[in-house]
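Common to both upcoming complexes is chain A, partnered first by chain B, then by chain C.
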Partner chain A sequence: MLEALLEGLLLVLQWKPFAFMLAGIGIGFWVGLLPGIGGATTLALMLPFIYNMQPVEAFAFLLGMHSVVATTGDVTSILFGVPGEATTAAIILDGHAMAKKGEAGRALGAALASSLVGALIGAAALALAIPIVRPLVLTFGSPELFMLAIVGLAFIASLSAQGARGMVRGFLAGGLGLFLAMVGQDPQAGVARFTLDTLYLWQGLDLVPVLVGLFAIPEIIDLVVRGTSIAGNVPAGRISRGALEGVKDVFRHWWLTVRCALIGTFVGITPGLGGAVAQWMAYGHATQSARSPEERSRFGQGDVRGVLGPGAACNSKEGGALIPTIAFGVPGSTSMAILLGGFFLLGLVPGPDMLTKHLPVTFSLVWTIVLANIITVGACFLLLNRLTALTAVPGHLLVPVILVLVFIGSYTSNSSYADILVTLVFGAVGYFMVLAGWPRAPLVLGLVLGKIAENYLYISVARYEAAWLTRPVVLLLLAIAIGVILYPAFQAWRSRTRKAAHA
Partner chain B sequence: MHNRASLGLAIVIMVLAGWGTLSALAWPLKAKLFPLVIGIPLFCLAAAEALWTLFGRRGERQAASDFQLSTDQAPEVARRRTLVAAAWTVGFFVLIVLLGFQIAVPVLVFAYLKLQGKEGWIFAIVFTAAVWGFFYGLFDLLLHLPFPPGVLLEWLG
Partner chain C sequence: MKWKLALIAALAVLPLVAAAQPNFAGKTVTVVVGYKPGGGYDATARLLARHLPDHLPGKPTVIVQNMPGGNSIIAANHMYNVAKPDGLTIGTFNRNLPIAQLTRVQGVKYDMTKFAWIGSAANEATILAIRNDLPYKNFDELRRAKEQVVIGSTGPGANTHDFPLLLKDLLGLKLKIVSGYSSSADIMLAIERKEVDGRAGSYTSLKPFIDRKLVRPIVRARSTEAGLEQLPIDESFAPTPRAKAIMALRSAPEVIARPYVLPPGTPADIVKVYRDAFAATIKDPATVADANKAQFDLDYTSGEEAVRILKEVLSQPKDIVDEFSKYIKFGE
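For the complex of A and B:
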């Protein structure tokens, strides 16, 4: 095992695989920075180039590119409030709020350092979990996977707003997301649901135009209203010092970062949940780490824990997602499905062979994730001053550039004007949600989970009828969901009791 | 203002959930199971939120863990600038549909810099050229993304 681990490292460090990895990192760096151009799309675009490569070179190239997209996507999300990737939207809530307070350097430092920690934990999980993960994944059938989706939604809906009213709004937003996920042709009976008789909606709402509208348009409007730069009149201070503070924040909240990285890894391992879910679950968990309702109210206003959680989860999920892809040929996400295509193009069959005959190649994937993230984080820190200086650029120079990127990012999803229309509609929805004090995170998670949840619910009912509700893991997950919903009420009660005792 | 926005959102969700539930009744079980499971509680929650907004305590505002709109500007200034931002955003979309990305991008950037930013001619031209160069070089030359010419140009032949 150790020999294979070392052999994997030596394979990646050969000049050709290393050069391909650097090329991949270079592409992934810019793809992550540009809003809307997804990592999965770029993986698909790059797939034809690997025909003449050796497996190690091809994976160094593809995985090197893919594993850094989320890291640089965080940079765009924090600096401009526009999701660089669908998987980096959660970090906007607190990261961009910090940038507006003149703490862009600290937010970036925290995001980059937590991303690195997350990536290392994900890679370690991949290395360690391969022999033991099979029984764990196989205990999860459709009922458990459905309940897992419900737990995720309960997490984010109950924790993203204050009090009973806030919880109602959180669940309303989550329910709206689930409802919107039903738009399109239903996968079981083929009925066209809520398509308004348009062909565009038959395939459902694409996540990218929705996300870009929901998050970017309210930010653009606010930037115009303020009439200043992103950081406003707040002096940015010494960026490098701020970044160092962000790195220190990772160690100050070390266990939170580790827990969120583990959440990301677990979501990555679970087939079908995907990376967009990991960040929101981690954000929900970070919110839960607040000890009192007053402390929780700081989330969304620029609490560094809201940056650390999604940052760590987003990168750790890659290592996790590779586990079922390599071990069982079950891709955990779109990107992994494309990567699986790469395996077949190169004549490799995922499964037992990857854990025996091709074990060094498997470990080379682990090392690629580790090295690519170390190199990217290092490069980002070197470019930090230039990147952060963008928050001091006057708003009237940024607005047209951001608008162009938003509209192109949205248009490239399906090369249709309807994508931009969807962005505009969800821009209005996002603006009114912000105006009304409704959380947007549950809507996104509902939209992401909707299709998966429906599929698992239908299979559960068809296969087990009502008996699926009595399965032990389902009951355990149901108890967790109820606990998560009741936890804020318990916290508020405890806070009131303590105050009364002190008075 | 936030109460009116909340009421509006709740009513829109009530209408959507009601319409979704009623539409689903006509579908086979496979297709209607999830819409009914989600639609009915969603309608009830939205109705609760609407009633809460109408009859609950006035001025009660509980912030979400989310981005907050800035409150530095006077309400009338904020309202006017919001409308201006919305007009630019929608205007850009109309420009793209009519003229295509290739022309709409430089037109928007230049117009925004001159009209909104009050920038000088030279700066506006250089900045617009830089943005257009980036757009054209990356998305058109390098990535070969298909950008149609725009309805107006197609119509003019």
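For the complex of A and C:
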């Protein structure tokens, strides 16, 4: 095993695979920065280039590209409040809030460092999981997947404001998200639900236009109304200074970063849960680390922990997602499905053989993730001053550029004008939610988990009737979900008793 | 003065030459795909876009444009109503679109038989495969099964759903269909963990798992591929002519599994150029080599044949269509 590990590293470090990896990183860097253009689409577009490559070269190219998309996607999310990728929306809440306070440098430093830690942990998990991957993935049947979705939804409790009023608003927003997830042709009876008699809505609401609308449009309006730069009146020289501070934040909150990275890995391993969930669950977990309600209320206004959690989860999930792809030939995400096509092109059949006969190739994948992330994070740090300086550019110069990117980004998801319309509608929804103090995160969580919850509940009942309720992992997950919901109440109670003890 | 005359003469002759043989030199041909990047329709289109230029006069640039939505009805409507019949736009979409037209799905604004058909780049053989460790080795044993066999599906309209549904309802197989899996890969994983006992799907997508001895093929639909000749056909067990007609109707579009069309009203000479180019591209050893690498089989079905099949599908008597609509919904 150790031999294979080393052999894998040497495979990647040959000059040709390494050069291809650098090319891939270069492409992935821009794809991540530009909103809308997703990693999956780019992978599909790049697939024809690998016909004449060797397996290791091809994977260095594809995976190198894929594993940096999330990292640079975070950069766009933090600087402009525009989700660079559908999977990097959660980092906006605190990351962009920090940028608005003139702490773009610290936020980027924290995001990049936690991304790196996340990628390393994800890759390590992939390497360690190789011997036990089959039983691990097979433990999670449809009932367990349904309960995982419920645990995810339970995080709404942490993503909402404190108090009864905040909770009600949070769960109502989550309910709206679940409702929006129902749009489209249902997979049981084939009935078109809430499609407003349009073909566009047949396949459901696309995540990218919704997210871009919900998060980017309110920020753009805010920027125009304020009439300043993103960082307000903070002098340009100070903005980039905090990068090192951001890196230190990762070590200050080391275990939080590690735990969020593990959440990401786990979401990645579980096929069918989808990458967009990882950041939100990690963000929800990060808010649980607040020790008092006052501390909790600072989340969303630029708490660095709200950057660390999503940053770590977003990159660690890629290592995790490779696990079912390699071990079963069953992709954990759209990108992985396309990567699977790449395996076939190269004459490799994913499956048990990848864990024995082709083990060095498998490890070369792990190393590609590690090296690509180190290189990208390094490059980002070199560019940090230039990047953060963008938050000091006056709004009236920046807004037109962002608007163009936002609308092109939405339009690329279906190449339909309806994409723009969806962006505008959810832009209005997002703006009024911000105005009225309703949290947007639960809505997104409901939207990304709704379909999963519905389908796996149906499958569980159809397959096992009521018997699935007594499966041990289901009960364990149920306990976790209840714990997650009650945790904020527990936090409030603890701080009250503490205050009482002081008084 | 002389060179000017020569130029005028040349300009005057140029359109005549063009009329004699369509020439795409310096032009860009767009392939409109009714799905997002990543799936089988998209992969086939991108493969053809690589090799088609070698066989079209004037070696045009061929690019792929994705136009997803409405299970690719949007792309078909675009090809029918918007795209110019100048040979610079070709379209490929869901093979089940004739079913959408037949069952009068809302939003359909095309008539399948009026497209200028280039043909199909592949056919798809749908099979039912069940876990190797089940005691049923062939169709007869499965038919005599006492216990229910659970089949995972992605949802109505997909071959993972419709094929076993007809086996169950028309041939009386003891199947229980559990739908809602997000992809056929997810059903495969459910088979690995014994949550379901089998699935239907294209032979191409199931072949790696058959080779790995996880599942074994039991029965197939009419369309066939090399290596499946021995497998029994669902229609041969049909108890009534009507049941047989419904099964035949479901499987008819599978022969034109990767349909390629030009807009209605495209001049005949351009259509001919494309039909010849497709036939040649799909036979081209370079194309075959790339297709083999990507693990899909290409098989050209001519435009004439495609139109013949479509006319047959779309001219079914009303009672058959009504009966058919009870089982089959358009989707995916």
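Just so we're on the same page, the second predicted complex is superposed on the first by the 492 of 503 C-alpha atoms of A that agree within 3 Å, B and C clash if a C-alpha of one lies under 4 Å from a C-alpha of the other, contacts with A are read in each partner's own complex, and residues count from 1 in each chain.
One rule holds in what follows: contacts are C-beta pairs under 8 Å (C-beta built on N, C-alpha and C of every residue); 3 or more make two chains touch, one makes a residue touch a chain.
Remember, predicted model here, so these are calculated numbers, not experimental data.
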Touched partner set for A:Phe251, first chain B, second chain C, both or neither: neither
Partner chain(s) touched by A:Tyr458 [first = chain B, second = chain C, both, neither]: both
Partner chain(s) touched by A:Phe49 [first = chain B, second = chain C, both, neither]: neither
First, second, both or neither for A:Trp493, with chain B first and chain C second: neither
First (chain B), second (chain C), both or neither touched by A:Ala189: both
Which superposed partner A:Ser415 touches (first chain B, second chain C, both, neither): both
Partner with the higher number of touched chain A residues, chain C or chain B: B
First, second, both or neither for A:Asp197, with chain B first and chain C second: second
Residues on chain A lying within both footprints (that of chain B and that of chain C): 45, 186, 188-189, 415, 454, 458
Chain B-facing residues of chain A, complex: 34, 37, 45, 81, 92-93, 96-97, 159-163, 165-166, 168-172, 175-176, 178-179, 182, 186, 188-189, 191, 193-194, 217-227, 232, 287, 296-297, 299-301, 306, 394, 396-397, 399-401, 403-404, 407-408, 411-412, 415, 417, 420-421, 424, 427, 432-441, 453-454, 457-458, 461
Touching residues on chain A, where the partner in the complex is chain C: 40-41, 43-45, 47-48, 51, 137-138, 141-142, 185-190, 197-200, 202-203, 271-272, 324, 328-331, 334, 337-338, 340-341, 344-347, 349, 351-352, 414-416, 451-452, 454-456, 458-459, 462-463
Complex interface listing, chain B residues touching chain A: 1-3, 5-6, 8-10, 13, 16-17, 20, 23-24, 27-28, 30-31, 33-35, 37-39, 41-42, 45-46, 48-49, 52, 56, 60-70, 72-73, 77-78, 81-82, 84-86, 88-90, 92-93, 96-97, 101, 105, 108-109, 112-113, 116-117, 119, 127, 131, 135, 138-139, 143, 145-146
List of chain C residues in touch with chain A within their complex: 36-38, 42-43, 46-47, 50, 65-71, 73-74, 77, 106-107, 150, 152, 154-157, 176, 178-183, 185-186, 188-190, 192-193, 195-196, 208-209, 212, 290, 293-295, 329-331
